[in-house]
Amino acid sequence: MINKLYASVADALAGVPDGATVMTGGFGGAGMPNELIDGLIEQGARDLVIVNNNAGNGEQGLAALLKAGRVRKIICSFPRQADSHHFDSLYRAGKLELELVPQGNLAERIRAAGAGVGAFFTPTGYGTDLAKGKETREINGRMYVLEYPIHADVALIKAERGDRWGNLTYRKAARNFGPIMATAAKCTIAQVFETVELGALDPEVVVTPGIFVKRVVKVARQGAMEAA
Amino acid sequence: MINKLYASVADALAGVPDGATVMTGGFGGAGMPNELIDGLIEQGARDLVIVNNNAGNGEQGLAALLKAGRVRKIICSFPRQADSHHFDSLYRAGKLELELVPQGNLAERIRAAGAGVGAFFTPTGYGTDLAKGKETREINGRMYVLEYPIHADVALIKAERGDRWGNLTYRKAARNFGPIMATAAKCTIAQVFETVELGALDPEVVVTPGIFVKRVVKVARQGAMEAA
Amino acid sequence: MSYIRRTRDEMAARVARDIPEGAYVNLGIGLPTLVANHLPRGREIFLHSENGILGMGPAPAKGEEDWDLINAGKQPVTLLPGGAFFHHADSFAMMRGGHLDICVLGAFQVAVNGDLANWSTGAPDAIPAVGGAMDLAVGAKSTYVMMEHQTKAGESKIVERCTYPLTGVGCVKRVYTDLATLAIGPHGVTALDWVDGLQFDELVRISGVPLREP
Amino acid sequence: MSYIRRTRDEMAARVARDIPEGAYVNLGIGLPTLVANHLPRGREIFLHSENGILGMGPAPAKGEEDWDLINAGKQPVTLLPGGAFFHHADSFAMMRGGHLDICVLGAFQVAVNGDLANWSTGAPDAIPAVGGAMDLAVGAKSTYVMMEHQTKAGESKIVERCTYPLTGVGCVKRVYTDLATLAIGPHGVTALDWVDGLQFDELVRISGVPLREP
């Protein structure tokens, strides 16, 4: 019997190696897998490459991971936030490498990794500093930039419900990067607020089929309704 | 007030021009918009380019459209079926142009059109006759073929439920090409078995948001459970 | 003759007037967010948020905030009946694929050829952040900009050529400022309207670039 | 010494034996479809169908057919509890992205370097049709082929070089035939097992290509 449900966050995070590329879901606080990120700090992996839309804010989650000195590089679209001071100071001190990617190119590069697309031409960023040095091409009168997939070793995502096969549903705009990051990582670990019996999720509304998920761990709902 | 609900199949098909590229959903009989295709025969547009997974079988739907001599070219992955005799004879007589595309490249080219991707590198078909003359490239040690989007003027799709904003849900494996074709056409026309009040579709389970749909028409459920 | 500049709300109302029923619209963070408050009641307009929302409604009542339902600026919003959620790749496919009719963005500078600069001032110590700006700039059928006409130092933000790093090339169709509404086309910039009491010659002088009368 | 060829069901059972618990598997149309009937009970294996199904179950009872729930061969199937539906781009992304562990395909020819020919005999009057064959050939972590060892005319279908049009280049890892199980690797083809009574030398002669013993 296949059972992807893990008993604890610590169990679910076992084996994340130093040097791993780790995708973390979330847009602002919505969909941010805070418990898994806290667990990753405990777990101790270092020299990480983080892929996220933002670069952490305040003192929790990604910001705490940065503060703990575990991150070598971050690939994101919007690191600068009102309270992104841990990112800011590490970046200014030259202790953190940054690859800045337009948000839609970030999403499409993650999707391309999951979908086995080798590279794709996108109009976004053409003629800007973020496309400097990249291959460009005119296609049907429009200019495009060639972008490559972003693969990950691990994806940490937050979903709403999950079952023992790893099927997931999400809640409102907390869906954001979760479904595509799940497809792009060798090992996708999902925290959920509720685990359900096999068959309890309507097959029409499963957003992430279990094929993309290796581990599911239930966490208590706390702070989900608060700003993060 | 925006109301995308049309009173009849004929109304919904008004204005499809001669020479149009028309995508038609369906894989085998599942998801095939038979009423809309019958309506298109009535409507009379000629010189069409059809994009579909198959090329019609038996005497109905796409097969009838082919028989009526309305189709100049078909882009599909699997025209040959046990009873695809209308396609077979037109093709053998040189009266129908065929662009044969591996099914996954067909799906991804349709998706690329809807997603504004200018072109993409796919591993599928590399080294085969279907990639002859196409640009190839080695990326990270793997060989890829460059494929371009397929755009359409009109998409005819079959869904299960729809509302006046054009939101759609599907039923089981009848979903197949519907959601991606809806994104790739200038004018997507959906036949549904049920129209519902705005807000009746759970926003978590809308598969095709109304932005991709111009017209929705209700048809009676008949033969949906039969083989087509 | 003297003139009074449009307030931020007047600018937002001016933009809102040009958004027709049935339009699919993305309002950028900052100034453009105000446009939502001025959309005529009874006109059905579909608001898209980059983080996977279509059919976004107004801010919730105090105490009703749901932090899983936020907009691109991370503020709590609501969903209208008929709205839908989707993931980030689908959301940006919606933009990049040209399905949005109008995108309204803030800007540092807009050039007479439609080039847009709104993501970075290029300051050497600045921390770069782009978010969805570049995707929005090229993704809608029409990209509108809403900004003050001049910097605080009195320099025109309508320029011959952007000096700040570009967000998108030749993408802006209209500019709504506190002084005027400008259309950018193949033959240059046309002033569509300007505030009462301001003479056209004065608008041209303030703008510092050639303008055509409507 | 005489030998008896494996029946189609015995071939299917031989393939099924090599599919481990938890595997995500696509069974091609035709012969490979039989494998589903031989998967050991109690071993949870996830069947994928290209038309947007994961967790496909067996054929429904007569009279219970739902024609919105069909497999790649357009035959009615069922869905297991825990299954899911998705659209065609997502379904083929699942393949192309390397998420399937095993894909079992029929074939006209397999070359010693793993080239696969299974979509066209190249006959000048044939109507071409490829379906998902090329996507499946390159999409799974392991592509297995299940076919008769020889054509009706007695020619080996294991060849030095495919004479029929290719479906995929160097993609086949294993071949299950009515005579033997072959593994294709960087050093050529290894016979893993063969039917009782058949001598290895005879298998090599029938195959017409060099084979290694296990």
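Order as written gives the chain letters A, B, C and D; numbering starts at 1 within each chain.
The rule we apply is simple: a contact is a pair of C-beta atoms (placed from the backbone, for glycine too) under 8 Å apart; a residue touches a chain by one contact, two chains touch by 3 or more.
Predicted, not measured: the structure shown is a model, and the values here were computed from it.
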Chain by chain, through touching neighbours only, how many steps does the shortest route from subunit B to subunit D take? 1
Could you let me know which interface, B-C or A-C, is made of more C-beta pairs in contact? A-C
Calculate how many whole Å lie between the centre of subunit A and the centre of subunit B, each centre taken as the average of the chain's C-alpha atoms. 33
Rounded to the nearest whole Å, what is the centre-to-centre distance of subunit A and subunit C, using the mean of the C-alpha atoms as each centre? 29
CA centroid of subunit A to CA centroid of subunit D, Å: 35
When you check subunit C against every other chain, which residues touch at least two of them? 79, 85-86, 89, 92-93, 95-96, 139
Two or more other chains touching the same residue: where does that happen in subunit B? 108, 111, 115-117, 122-123, 170-172, 203-204
What kind of graph do the touching chains make: line, ring, star, complete, other? other
Chain pairs in touch? A-B, A-C, A-D, B-C, B-D
Over in the complex, which subunit A residues touch subunit D? Could you list them? 1-2, 111, 113-117, 163-165, 167, 183, 198-199, 201, 203-204, 206, 209-212
Please name which positions on subunit D make contact with subunit B in the complex. 49-53, 65-70, 74, 79, 85-89, 91-93, 95-96, 120, 125, 127-135, 138-139, 165-169
Can you check the complex and tell me which residues of subunit B touch subunit A? 108, 112, 115-123, 137, 139-140, 142, 144, 148, 169-172, 202-205
Subunit A residues touching subunit C in their complex are 27-31, 53, 77-81, 84, 87-88, 91-92, 98, 100-105, 107-108, 110-111, 122-130, 143, 170-180, 207, 224-228
In the complex formed with subunit B, which residues of subunit C make contact? 21-22, 24, 44, 46, 48, 54-55, 79, 81-86, 89, 92-100, 139
